[in-house]
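Alright, structures below, take your time with them.
Across the two complexes that follow, chain A remains constant while its partner is chain B and subsequently chain C.
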Partner chain A sequence: MSSNEKRLRKRISGFSITTKVIMLIATVVVAIPLYIAVVNAFKTNDAITSAPLAPPLQPTLENLEYVLTNPNVNIGEMYFNSAMIAGFGTVGCILLSAMAAYYLARSRRKSSKNLYMYFLFGLMVPYVIVYVPLVTIFKYMGLMGNLPTLIFVFISGSISFSVFMFYGFIKTVPKELEEAAAIDGASPLRIFWTIIFPLLKPCTTTVAIFIGLSMWNDFMTPLIIGNVKTITVGIYTAIGPYSSDWGTVFAFVLCGSVPIIVAYLLAQKQFISGLTAGALKG
Partner chain B sequence: MAGLELKHIDKIYPNTETKKKKRKKGEPAAVEPAQKELKAVSDFNLEIKDKEFLVLVGPSGCGKSTTLRMIAGLEDITAGELYIDGQLVNNVASKDRDIAMVFQSYALYPHMTVFENMAFALKLRKVPKDEIKTRVLEAAKILELEEYLGRKPKALSGGQRQRVALGRAIVRQPKVFLMDEPLSNLDAKLRVAMRTEIAKLHKRLATTFIYVTHDQTEAMTMGDRIVVMKDGVIQQVGDPNELYQQPANRFVAEFIGSPQMNVFPAAIERTANETFALIGGKKITVNAERAAKIDLPEGKSEVFIGIRPEDLYVEEENLVKYPDSQIDANIEVREPLGSDIYLYMTVPGVDKTVTARVLPTYDGKMDETVKLALDTERMHVFDCGSGASLIRG
Partner chain C sequence: MRKKGKTIRPMALKGNTVSFGFAVPALALYTVLLIVPIIIAFGFSFTSWNGIATTTPKFIGFDNYAAMFQDERLGNAIGVTVTITVVVVVCVNVFGLLLAMLLNHAGKMTNVSRSVFFAPYVLSTVAISFIWLSILSYTGILNSIFEALGWEGLIKNYLGTQQEAIASICVVEIWRTLGFHMVIYLAALQTVPADLYEACTVDGGGRWHKFRYVTLPLITPGITISLLMSIINELRMYDIVKVLTDGGPGYATETITYNIVTQAFGNNMLGYSSAIAVFLFAVIATVAIIQIKVTTKKEVEY
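Let's look at the complex of A and B:
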């Protein structure tokens, strides 16, 4: 456990009862949707509609079985598509933005400051307003409906946030490390990969979780631009105009959430240290 | 191993962040240069001999670190020429200058072990693995780091980290070692110990060392030669004794030595046979031999007089030796250090506190007015305007 984490835990243990109660309520509010998804995935449609919050008194695996094994659903393809988007999108975005942020953070040129502001400007643009121009352009270029286009859109959509995060973190890395490496004989690219990038691990993990999660969970982009079936698009297939198969919907939600929860649990330590890095004086 | 030559080196930083002044309506725009420049180093000329331990010393912002960084290739040289081992290196990258640098913050790679830190430069130079191991182990042995080779820097103490930083430089077997205030982050006791270690290392490696510090004690104890800098300009170059005994100007005189030299305004009066100094209205006789060396400009009598704390006497046995150069002083603070006593005193007509280093047996009390004798044979005289020393020879 890092000293930052220790201090944070010490601070949390020192919170007043009121603060703890508020935090507990917040946790419950966040946990309720997950609870609903888990309990309803194991219930029949009748049981769901009659008592949506009740635990599954007669649990059934029908919904999960349908989602996981039915060839019409083809969840394997959905998993593959979601994984490709989140995987390549996250890795691509991290590589590009970390290198861009490194240059921007270290450059003394005024144009670099302007370029950084340009990146930040991307944070202010709501994603939904770019769909129409994007679709128009992609249609014109014949790039609609494929996975690489979708990955490209996700990378460009996340790069502002990612550059913002890396820029701030790189600013805290002492410049002497790079100078020492330069004297040792390392090229700028080597300095970045061998010295700087490993030091960005907490930030990289945080960025990976944030943007990976948003790419995995995104519903609109794959539906509109990619015409690609991802897990989130799969949920939509179970919702009809007149009636919805709620059991299947919740089974999809559960199947879609499990990989994300596992990924979070595996990288939790890095995630917390990434969030708290720089927050407390070391 | 190599000598260095710095010829007319300048370092100018362009400052583009000058804020525009707000002007009132109708007021013409102020004529200002588009960029204000900052001259960090000005006309730096120096020859550094092979195997020499040269120390650059001066207050913060005097340009000593900038000079070192220019030698390292971390800063561009605005004007002038830099030669390492006879080769012009102005446009040669740091990695190709065959130098090693130890930073104030150690600059150890935090994600690498001590071994990896020390081996990094050799790996980049594609040195065979066996040789890397041999050289790292050899350096670790010299610096007593053998048992820490598997540790990461965060698991080491400040002194150990400093030794790793030195080790990283040693394994490279460079022509020149550059050290930028390497002991500043250590506590006082460790600093003294590491000072000795570095001096020993210099002797053992027999390589050129260039060492930057703001601590005059470090400079005096370690350097073969010392360069005193102020505002980017060399004030004096010389061995420690020369700087202490014959400071070129008031700045060097006050910077070198602890406690610092007492400097106060005075007037010099000459008669046919004698020379006098008027300090706070009191006239004292200046030692004839010293007086002969005072090169006072024609028609000028106002000067600054400098006298080191150890050249002031209050003890009875010493007062008799200097009957003609005594002034009255009031003891304000008495600081017994065991080996000496520091007396901080006020002298009528002198607005600065005068410091004297006296024998530990001296029993003068605070608020006591005593006679203070000046050893005028060791007195310094500085020009009132330029601050240059007026003592010749």
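Let's look at the complex of A and C:
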């Protein structure tokens, strides 16, 4: 028995050394494109072509300077638009969805089950279907390129997911607290904001990461609805499809991704669990 | 004994039923900006409308849907989308599961590897597509490396022909989403109780038996979710194609979503593009209904 155990242990440790080597190689391979983008943002185009994988031995800030200071690029405007969309979009969506989910989770009416299904319907819609109607309506009303309109569009597109997440979470919150508050005479609205909403914090964080990131990274919606220069659309139009000025391209990629890279480095666990939550929670 | 549902509740609670008003703001926004546009898109799909505001949409019945069968360009887009979907779905799920199983044994490296694998999924598709454009173009980094190594035979435009461009798009998409699926599988694997493996060892089962008779049945819910999510995701493919090839060469790498956008806003065929969008909706809704059924069903416990 003991020799068997030894053999088993040996096999497990052998297994884990091969495993570590394979994982190391795989991790390096996956990281290479990211490495290329970072190091080459600090090189001249000649240096990129002659030694693309080398670290920047004579680093230049030329590329970054072009991206950050060129008035035609106007990266400040892109940041502003993306921040407004991701900020107001996320907050707005969370407030509206949490309230709606609270009603759906607590209501004993039969119609509320159907209403919940109505909200979930949005999860199965390929978003491309609404572009033609929305662009038609917005053109008619003169709302193309209007930032607040775009924010409302983003909120409407994330309500299904947020309601789905909040609904599941609120179902696990015990009713006793709100019942006690009701006896003390607090109004439903006050009960929600002072008692329920703070309890939803873990779910709120998850939803905020998921929809905030998807709004910040979205490309199609700001491109098609209103041609608003967000980070993604701005980078796309500034580089153009046929550029081969790779130094500038990497600088654009880097400048556009800095907030996400920093946030990801600071809170990897929350990012990973937030972005997979939709798949893992049912 | 009092039954659980029949506990006497204080009178004050009668006023505590959450009012429908809580749902109204979300309901209004969701209906006006999502549901109504979908209904309008259905309506448009039966017209030959070209988007010029002064003309009224003309009702043409199912002509748009009939025309879809004759549309070679759409046929190509469906073929491209299906190819990308099959290749990416198989690769991310097979490699995602393999990596997750390795990572489960990797000890201290687990966290670093997981963070690196997941990183592409966090960045915007536009940003990562431009990184890959700079690698795969004719003047790009891959060819520079081949030149430096003297492998002239490998130097070519990796986005130049339909086959190569589709392969490139698949590589980028696999690279982007592999970490996501790996994390889903990792979570699924961690739900498998260790004593079941021990039981399998005691019964004389080898590594393959453990995988086949313990791991696989227990992570089936995870596999289903991961599969369905990747299918839905790839059927909607747009961003990477837009940046890497812009649908080209010609329209060889157009996906269905790309085709809808081009027909609508490039060729002003709003009625026809809405019909294609309704078709895509029907396909994705079918997969999504299966997904919702699976996610809302309680996982099987062993």
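We take it that the second predicted complex is superposed on the first by the 206 of 282 C-alpha atoms of A that agree within 3 Å, B and C clash if a C-alpha of one lies under 4 Å from a C-alpha of the other, contacts with A are read in each partner's own complex, and residues count from 1 in each chain.
The rule is short, and it goes like this: a residue touches a chain if its C-beta (ideal position, glycine included) is under 8 Å from a C-beta of that chain, and two chains touch if they have at least 3 such contacts.
The structure presented is a predicted model; accordingly, all values stated were derived computationally and were not measured.
Peer 1: Using the touch definition from the top, say if A:144 reaches chain B (first), chain C (second), both or neither.
Peer 2: Neither partner.
Peer 1: In the overlay, answer first, second, both or neither for which of chain B and chain C A:198 touches.
Peer 2: Only chain B; A:198 stays clear of chain C.
Peer 1: Under the stated touch criterion, name the partner, chain B or chain C, that contacts more residues in chain A.
Peer 2: Counting contacted residues of chain A, the larger count belongs to C.
Peer 1: Quick one: classify A:244 as touching chain B (first), chain C (second), both or neither.
Peer 2: second
Peer 1: Based on the superposed arrangement, let me know which partner A:213 touches: chain B (first), chain C (second), both, or neither?
Peer 2: Once the two structures are laid over each other on A, A:213 reaches chain C alone.
Peer 1: Based on the superposed arrangement, let me know which partner A:176 touches: chain B (first), chain C (second), both, or neither?
Peer 2: Touch partner of A:176: chain B, not chain C.
Peer 1: Touching A:96, do we find chain B (first), chain C (second), both, or neither?
Peer 2: Once the two structures are laid over each other on A, A:96 reaches chain C alone.
Peer 1: Does the superposition put A:190 against chain B (first), chain C (second), both, or neither?
Peer 2: In the superposition, A:190 contacts chain B only.
Peer 1: Is A:84 in contact with chain B, with chain C, with both, or with neither (first, second, both, neither)?
Peer 2: Neither partner.
Peer 1: Considering only the touch criterion stated at the top, classify A:125 as touching first (chain B), second (chain C), both, or neither.
Peer 2: So A:125 only meets chain C here.
Peer 1: Same chain A residues contacting chain B and chain C, which ones?
Peer 2: 179, 182-183, 185
Peer 1: Which stretch or stretches of chain A touch chain B in the complex?
Peer 2: My answer: residues 110, 174, 176-177, 179-186, 190, 195, 198-199.
Peer 1: Name, in rising order, each residue of chain A that touches chain C in their complex.
Peer 2: 8, 15-16, 19-20, 22-24, 26-27, 30-31, 33-34, 36-37, 40, 48-53, 96-97, 99-100, 102-104, 106-108, 115, 119-137, 139-140, 152-153, 155-157, 159-160, 163, 178-179, 182-183, 185, 188, 191-192, 213, 216-217, 219-220, 224, 231-232, 235-236, 239, 241, 244, 246, 249-250, 252-253, 256-257, 260-261, 264, 268, 271-272, 275-276, 279-280, 282
Peer 1: Spell out the residues on chain B that touch chain A in their complex, using ranges where they run on.
Peer 2: Result: residues 16, 72-74, 93-95, 99-101, 103-105, 107, 109-111, 120-121, 124-125, 168, 172 of chain B touch chain A.
Peer 1: Note which residues of chain C are touching chain A in the complex, please.
Peer 2: 9-10, 12-13, 15-23, 25-27, 29-30, 32-38, 40-41, 44, 51, 53, 99, 102-103, 105-107, 109, 112-128, 130-135, 137, 139-141, 144-145, 148, 175, 178-180, 183-184, 187, 201, 225-226, 229, 235-236, 238-239, 242-243, 246, 257, 260-261, 264-265, 270, 273-274, 277-278, 280-281, 284-285, 288-289, 292, 294-297, 299
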